[in-house]
Amino acid sequence: MKRLSHLAYFTRLLVLALALSGLVQASVQAQESKTQATKKSKVVFQVSDGDSKKWELTLSNVKNVIKDLGKDNVDVEVVAYGPGIDMFKFESPVAGRIEEVLKLGAQVMICENTMRAQKLSKSDMLDNLGYVEAGVSQLIKRQQQGYAYIRP
Amino acid sequence: MKRLSHLAYFTRLLVLALALSGLVQASVQAQESKTQATKKSKVVFQVSDGDSKKWELTLSNVKNVIKDLGKDNVDVEVVAYGPGIDMFKFESPVAGRIEEVLKLGAQVMICENTMRAQKLSKSDMLDNLGYVEAGVSQLIKRQQQGYAYIRP
Amino acid sequence: MKRLSHLAYFTRLLVLALALSGLVQASVQAQESKTQATKKSKVVFQVSDGDSKKWELTLSNVKNVIKDLGKDNVDVEVVAYGPGIDMFKFESPVAGRIEEVLKLGAQVMICENTMRAQKLSKSDMLDNLGYVEAGVSQLIKRQQQGYAYIRP
């Protein structure tokens, strides 16, 4: 077997070093692009006021965001709790407009803590809503997941 | 001393390469889990309205979050400024409920800019509160530290 | 050419390993400090209420933040939409104070969706304002860029 020269070994080490250095770069870049990817537009709207003008404004906001960014480029969630829950009751004055934004792909999450406090059941509420144990915890969770927060 | 064969050297380089590649993975994962760790639930509530219904709602929110996520899994801070500072005055109508959430581990921070503007001293305020120069700066700082922001 | 001893090769591998491990550390630290750098103070204020007391509070907030953190250490932007747009109309009761915060370096962005809905043109508005298609989209974008969000 032919003995490798000094130089040949050194070359091999260098190639290895460059390969590993490439691996490091790739790993770091992969992580960066992962961070970028989680920055796809995501937004959570809080409805906690029992004020129908705020509800109208929130619905306009949701529509404008979806129109402006494009339905496929943004995840929109509305979280209702406290006095804001009235917006999504069966007899809501904005029921028609809510149906419209649900069709545009927005999600609505209702706080079950508030429902219990107000002795409401799901049959008192509009259709096609989601439910969470605590509205505020949902707002925290969404922000931790990179959602922007808007309180109209 | 016995000369190492071609193959033996190559094997060594490979072992080294794998070890270093493991080190890279470990470093990147360590950083990821550090990022995860900073995502332990943290939330800052803003009280800037002079509206006792908002104060009640904020206190319910704080209690629900601590109950829902568990006292040891969430850091809760309430920052009061502007008209919201009245919530924490000595004669506050919600003093008893404030004491309750302080016992649950929530922190309260009062804006000293607002106190100066209203000619208030700490003796005008409830016990066991914290103080910051500017409430808004504290809200910015907390968000930069990864706190979710809730404005009830 | 002199053959390298067993020990000499091992030493070389070790030096290489340490060098690469240093490279890994450096890459990871570079990324961390980059993350730090993006944490320079940045804050976006939302004005969406047609309430002049809120406008006064917002202007005080902006001034306090700039005073507290230093003009060069914070980027401040105010986004006005919905009923909040009245704050920046030509006849605004807080026009003088707005001019003051603009001089301190704060930026103001007005929602053009709202302007169209209210049939307003730029000549109806104060000078030195910026304009965006949708105020809410701007608030989302800023939060994605690491701005803290304050809704006074």
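Just so it is clear, A, B and C label the chains in written order, and each chain counts residues from 1 on its own.
Everything that follows uses one rule, which is that a contact is a pair of C-beta atoms (placed from the backbone, for glycine too) under 8 Å apart; a residue touches a chain by one contact, two chains touch by 3 or more.
Quick caveat: nothing in here was measured; it's all calculated off a predicted structure.
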Proportion of interface numbers common to chain A and chain B (over half same, under half different): different
Copies chain A and chain C - rotation angle from C-alpha fit, nearest 5 degrees: 120
Geometric centre distance via CA averages, chain B-chain A, whole Å: 20
Chain B residues counted as touching two or more neighbouring chains: 3, 9, 13, 16, 20, 24, 28, 31, 149, 151
In the complex, chain A residues that touch chain B: 1-4, 9, 12-13, 16, 19-20, 23-24, 27-28, 31, 46, 48, 81-83, 113, 133-134, 136-137, 139-140, 143-144, 149, 151
Residue ranges of chain C in contact with chain B within the complex: 3, 5-6, 9, 13, 16-17, 20-21, 24-25, 28, 31-32, 39, 41, 43, 53, 57, 60-61, 64-65, 67-69, 74, 146, 148-152
